[in-house]
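In this document, chain identifiers A, B, C and D correspond to the written order of the chains, with residue numbering beginning at 1 in each.
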């Protein structure tokens, strides 16, 4: 089990949070990898909804964009984008929403809009996309993002999404909200991570549970499946396409 | 429904200062039309798109835009849109007024525009700073439950431009695959221009596969390949490698301007643009 | 997604007192399901349909209904629904509470229900007596223009029953031809039952032709011919002659009851119902 | 030109009001006959929208219902019903709406809901269907209905649609709103109709224009086309269909 990267641990930890037949609203990147890993391992009937309107997609390689042809070609159905947000997300038909962001605060609210002042930002980020409504309407949300003192912050520069995640999967382990306070608390570490590492990576005084679990090592199957998926994906995205001329 | 050249269609339907929606959610993005707008040196446009994507990054960097209505402004799966960032962060080449929404909010605004309603309603925005940052976001109280819901004003572009796989000679337009908000954006607009991979005698089967009937379409332009580096399902795949290359091309003003000069401005039309990419490969 | 017999599906999903929408606008009306509800002697149902059509005329005449939400209650191209009229005009066989809308209003109410919104907005009703006759019709003021628009409360049926041409073994449902408000009525409901002409291994092509994905469908029932005398495009045409004959059959209580007894109650299922019609022809 | 029925005169008069490429929201019955007659004679590119969602339909025989398969099979596109009312009618994309009713008043408002009191009607009529929004959103509306003192009334039993029709085509001739008062006024008679007949058929003191035109006789082509259409239609609707068993 040597050479397991933190990205792999994050992806596998996120995949384990999913169950068969769960309806997931999937974002691009690590969440998409986690959802498809779950589909290829313990949750074959998981339903993946991408905001492009591809419902029940079963991509063979991970999409680079939220609307790659792979998604439409493998979807159970393709619906107009307003229907995805109205008839599926807002209507409460989504069990799990995955979110990432540039900043998260100790209660799980997210910033993906700007660093600095909105009118005169030092860094203009991509913006909200579907995040505010995913956070509001999915029955539960999981946040997946790497921790640094600049991303796990006391005070958000901008509140893009009001989010109370069931769990935050990060690159040292997992934070979950404390029963009363709702404050995100360290409840699990990867086998190769420490509480000190976690405290150093978080920009607020990190609460630590009385008992911190150890996230079980990836199984051979999880790791092999994930690495195959990534290998297929990178090969596909590198492949130069014939120009349509 | 006239069939025009792309140059004629842009000249006729995209005047300086117009509000313009080039829609297509990742799929069927009308790149060729955007390049023609750049070639014709349009200015002060109010650009509208859920995801500005590379095409608006290019149009903003070339100084076509005064304002941008959008809901997610990144290079999908890659990172930033550097020209969009440069305009917002440093006002280069010109300041850019932002009208920023969530996807759900912008979808509701297009739908309201297409429906002839003055506003759209959604459960959203409440509690976020976006509602405070965008004065267009307001609210109504449900007359049955008393619940407060967010509202967005209807969007009515002067012109919406789409790319589609097929039109017939009457001007009926058909799309397969991801549709995004193309239908709503088109029906919300005062004029609709559609560039297509192919023009066929008859769309068969007619019926449920048709996106727009002929009489709502202002002009059809035959423009094969016109969505590249986006894609047309059944015709050519998304050029993900190009989307990745764009990060380096667009990162610096000089390299961006050099690329636009060499490939877009120096090309008479989209076929020669694609040929110039082929030569450079 | 279980495949059930029609009797099982009605027993499980249509209890006495339920609010039930059998949708399908002229096309794909689920007659077989309506007949099974009659056979199982359901009572106090709140029936919901844009156009009650013959199927609700039969259900109302057989005493299944307590209330009716609708927007046009005639026999298309023929005249009255005599059983609906008898219930409203004379309370036979039971009084019927009406929740009456226009087509646009009921479409907005279904769409709001499917969207998880508490109300729908439209330009309509204003100045008509229908707004006064139906206390469910209210209004909101546009926060941008100050215009007053009509509102309708969202409709959330306990169960929506549709008929479709095809489902696959996963439960994905596909319709071609006229869709009406079937999608909105289904997605607004707490449970969705679909009777189909055929169950196939895979719906090809998947994608844009699919009306409902498997996981929103509660049960699929294989029921060929189940839309007659309505129709299933590509399978059998609308039996316009039957719609014309229904006027005489249903005009008098006695002739109506005799026909229902002979053809519906005396038949174990829809195949034997159709057989009994064939014998009578 | 003997044997021209009043139904035929009404249908042909209504068809003549339409122009090529006009977008018409079509009701079942005489309006559908008039619109298709126009399509088969002087307006081949007329766009017929039926509320069932069939847009640009070119039926070979007249539909009995608003949603016959003939409409879907010949339509330019078929859209969900909510889109017909939102994206086409309410959005102002319809040039002409045709309406009929059980009662009309002297300004053109219509009743298709009840005769008598709404709660305890003597006659329960089918109801509004699409009429209120057609009357409100079509750029202009034409009403087609036969006149009797019980249908052309001083006072509607129920106001289903607020309508200011450009013209009312009836079985003695045509009423149009007077310039100032908007009161429906007799402005044209069929060649075989009289002012006395018109006055007797209308339940209010009928205003008569100073000059009453004569509706030109049907042309051979109009009459032949209409009679062929009706003959095809009746044959088709009488034809017993194979039971799906």
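The working rule: a residue touches a chain if its C-beta (ideal position, glycine included) is under 8 Å from a C-beta of that chain, and two chains touch if they have at least 3 such contacts.
All values derive from a computational prediction rather than experimental measurement.
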Chain labels contacting subunit C and also subunit D: B
Of all other chains, the one whose Cα centre sits farthest from subunit D: A
CA centroid of subunit B to CA centroid of subunit D, Å: 41
Intercentroid distance (Cα basis), subunit D paired with subunit A, Å: 57
Residues of subunit D touching at least two other chains: 72-73, 78, 86, 90, 137
Subunit C residues counted as touching two or more neighbouring chains: 111, 116-117, 122-123, 177, 179, 183, 207-208
Pairwise touch network: line, ring, star, complete, or other: other
Every chain pair meeting the contact rule: A-B, A-C, B-C, B-D, C-D
List of subunit B residues in touch with subunit D within their complex: 114-117, 170, 172, 183, 187, 206-208, 210-216
Subunit A residues within the subunit B interface of the complex: 28-29, 51-54, 63-69, 71-73, 78-82, 85-86, 89-90, 113, 118, 121-133, 136-137, 158-162, 236-245
List of subunit D residues in touch with subunit B within their complex: 21, 23, 47, 55-56, 72-73, 75-78, 86-87, 90-93, 137
Partner subunit C, residues of subunit B touching it in the complex: 116-119, 121-123, 138-145, 147, 149, 151, 153, 176-177, 179, 207-209
Subunit D partner contacts - residues on subunit C that touch it in the complex: 25-27, 50-51, 70-74, 76-78, 80-81, 84-85, 88-89, 100-104, 107-108, 110-111, 122-130, 133, 177-184, 224-225, 228, 231-233, 235-241, 243-244, 271, 274-275, 277-278, 281
